[in-house]
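Letters A, B, C and D mark the chains as written, and numbering starts fresh at 1 in each.
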């Protein structure tokens, strides 16, 4: 049995009178790939933010590799070896692709090793041709890819991705899927996603959120065919 | 007993004058997210306009309440067209440009009026409360501030322009979507803000000696009051002016005016540290 | 030893820089007078008339044939009310322009910023402004009024006109602090009592709470050594509160920069003060002086206490040079130390050899309709405060500003 | 970074050696000294604002703190070496505490500006009201508005009698500026500097990468304060008096104007801006036709409107245009973001 890398117990987040995340118990094993789905406002993103330290939960606990991290700052969580990609592309616009990736690698490695690793990552992501361009000049898909590179270059054992495929072309999505599969060789991956196409192509186990709570958690095929899920979410979509 | 009354009046006056000196800045900041660091100099100009007008034989109240706001408002309009207009959306750049403008105005005022302190006498006489004499003009300032706050509230709540303004405050693109040119809204707002600054400077002029650098004494206080007040225009203005006014007066009476000022500043640091979005960023959310 | 080293370095620097300046050669024949004043910025109300006084005095000296048959040329710098510029221009005057004497400095801070520079470069220095007293340095001559000269006269006069309980409101800096202590001493000496003292930094302009506080103490007299534009607010707020007719008011500073012309008659009337000069002084010297001033500056009448003090200083220096027969610093100092006197618009001014301060007339005045009417003249007051601590004939190497223990 | 580190250092050394040699022939060394000191002060803000994205409205506070620390320590100690060190350390520690308070509170932008402004005001008001005899530190009276004159000025370390004064002092200050400049260059080339640049660009991303943003900004802030403190101590030695006006908002304003005019996001820009504008102010003091403040204000307004990147990048662009060397133009976005921190 693989180790549990991420666990939440009774995770609850309230904003004023609204309960955005309601008593969520969640477990993720090493090298597992998990998608979180649910309609808008189902609490996926709140859950994501509580786990990554962008929000401090009102109640409940977050554990990573058995270590309680509730209320930690994002940088402390990231320092454990957790890679995080937020919903909107969060990159360093004025710096070049190489500098972006180098900065991520430098956090965990000395200068020269960071350089080698970022070169390697640029090759792996096929970014060589634009390595010197600044991020502000790149297309959306390229920026998303670079951000994934930032996450991957740090050798995380847990990766949290918020809508990685949003707004990307089919070709970009394909490339993204390959990168994510690559990541699962060494890391557990959590993906918050809307795009059903993408989820079908990548997911194994899926957790469905509804009104802040976990509605069901099962294999993607069974989830897709579940009547209740279809009712709250898919039915309106497809 | 008499002293208590005097202290209450002085405290009310402190709060009122903070409201008065911050109102113009608050309007411009609230609506346009522009921090006008030349605000103090607009007040200074309000003072000079009043003194000049009174010198030309105009009734002092007319000069203070009508002429000064109008003239300073027009100066504001020119400034908006020439400078601010080009810098919308660039908060720090507008701060720097208006800072530069404030220096320009100080320089101009020095060249025109010289550095000699000038002033006019207070048009309202003092009166006795028990054993104490009170400055009657303080009441005038308190009344002007109250009228001002109610006036701003009424305009925002009750008029069409106020509705548009509130819309622009929430979402600057919304007014545009409704078919109002944001350019004109900004122009109007800046005019109003400048006029309020001019009014404040005019009303306070009889109490202080006026020199071209007088504005510097106000801008820091107004800036702090507005930022600490946070996003809600009226609630923010009143709540932060009240906290600062009361605290500074308590320390002024208990120790000395210097401690009063320092207490105000220390409170500002604590407030902003505890509520980085200002008082109304945390409390009174969604109020005006 | 260290001093010699400095001189050497300073001299070398002046040589290299002077070589590049052609105008030095042009002015070689004239006596060079350095002037360093705030002609702009917040203190220009003091500085501008002082600058005019400089030009008037030098014009008079030159019209009378100059000094030692040489013309006096002014090297003037505007320090823009910025203390850092005093250091800068002070160096410029001594090292580059190599002037023979420097007149100037307004605030005590500005004097202290350049005094050591003048001393090190052996440039004779005149500071001609009313100040807190106590400077003891053979290189400097001071003919402003000191607290003892002024307060000793003002306090009994003001107390006689009001009563024995006194409240002091003073500017919170060197001058105000020291003057407040002198006021306290003289109030006690005259059988009175100080019921309260408050100090205000120079930028305080709201005195509402203070006025309430003063009323709680219920004094007969308020003495206010307040300084500058912000503090002027006190006098207006005091009048606005209707206090003018309830408690008497005296000041050691109001009027020095012609502030009484800014206050309305209702605000200013009845305020008591004591200075070396008032435009209303009824003497032939003053009448002639005002006429010459008006003739030179298109009818201007902005002369005030410290501008006249400055004017006195310039003529005192000129008299010293004439007596010495040379512009050599040491010779001029010795000549001045003989106790030279001049008679100017403020009366007779005599150099006190022991302190390098001035023995002068103090006039008691009362403000009335934007004028400072002279009530009484107390002739030839000694600077007894500085005399108590400073004796340059016994200790010529002294170089301190004493704070006189009272 | 186009040039290698070695080229950068060599270029700096050659250019500065030339300037140190030539400038005294054009301007008196006494004036030159203060221009050099202001240059250092400009550089201190240029570093934390242009490269750290921290908009500080109170850089003068650290300048004044350095000057006062030096004056007070020099009166008490009587030899200048330790006071110089203290003058660097005290502002740095003060900034570290203030920075930690602000950055761990996640204050940014205008709020940062307000806090630094308020802290400067508090310091100014406090120092300004210390005229009374009760305000004494050791043997040093704080002196209130009049400041502290008459302290031991810079001497050859270990020999309190051997003053460094006049021309030699100019060379000391100029060399100090070159050393600080090289240290800043080194800092910006190091990982710390590149990470700081990343933080300026996007704090959230740098946090998600695992960098402790607040700690790094605090350190950056403290380094800027240390440089400002050193400039303050040198200034105290130059003027031989320290006054509260060192802490004033006007002084802070000037530093900001220097940076804007010289060019943010460059190392040399703030130095040029500082020296140039200070010299202009000095020249204007010799005329009375136009008010000085007016000109300063006009310069600031015109630069913000028409040359928001400042002189240094503009001159560099001109240079490239004239000599026809094509290099990738600096991204407009980069400069703007730098300003907004």
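In this section, contacts are C-beta pairs under 8 Å (C-beta built on N, C-alpha and C of every residue); 3 or more make two chains touch, one makes a residue touch a chain.
Here the structure is a predicted model, which is why all the values come from computation and not from measurement.
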Legend entry - Innermost chain by mean C-alpha position: D
Inset, instruction - Compute the centre of every chain as the mean of its C-alpha atoms, then state which one is farthest from the centre of chain C. - result: A
Inset, instruction - State the pair with the higher C-beta contact count; candidates are A-D and C-D. - result: C-D
Inset, instruction - Would you kindly tell me how far, in whole Å, the mean C-alpha position of chain C lies from that of chain A? - result: 75
Legend entry - Approximate Å spacing (C-alpha centroids) for the pair chain A, chain D: 43
Inset, instruction - Could you put a whole-Å number on the gap between the CA centroids of chain A and chain B? - result: 48
Legend entry - Euclidean distance of C-alpha centroids - chain C vs chain D, Å: 36
Inset, instruction - Note the residues in chain C that touch 2 or more other chains, in rising order. - result: 40, 172, 199, 201, 203
Legend entry - Overlap residues in chain D, where contacts from two or more other chains coincide: 125, 129, 291-292
Inset, instruction - Mark out which residues of chain B touch at least two other chains, giving numbers and ranges. - result: 110, 258, 261
Legend entry - Touch relationships between chains, expressed as pairs: A-D, B-C, B-D, C-D
Legend entry - Partner chain D, residues of chain A touching it in the complex: 52, 73-76, 78-79, 84-86, 90-95, 99-100, 102-104, 106-108, 111, 134, 136-137, 150, 154
Legend entry - Residues of chain D touching chain B in the complex: 55, 101-102, 105-107, 109-111, 113-115, 117-119, 121-122, 125-126, 129, 249-250, 253, 256-257, 260, 290-302, 304-305, 308, 336, 339-341
Inset, instruction - Quick one: which bits of chain B touch chain D in the complex? Just the residue numbers, please. - result: 35, 83, 86-87, 90-93, 95-97, 99-108, 110-111, 216, 220, 223-224, 227-228, 258, 261-262, 265-266, 268-269, 272-273, 276
Legend entry - Interface residues, chain D side, partner chain A - complex: 191, 194-195, 197-198, 201-202, 204-213, 331, 333-334, 337
Legend entry - Residue numbers on chain C that touch chain B, as the complex places them: 40-45, 172, 198-201, 203-213, 215-216, 218, 229-233, 236-237, 239-243, 246, 257-259, 262-264, 266-267
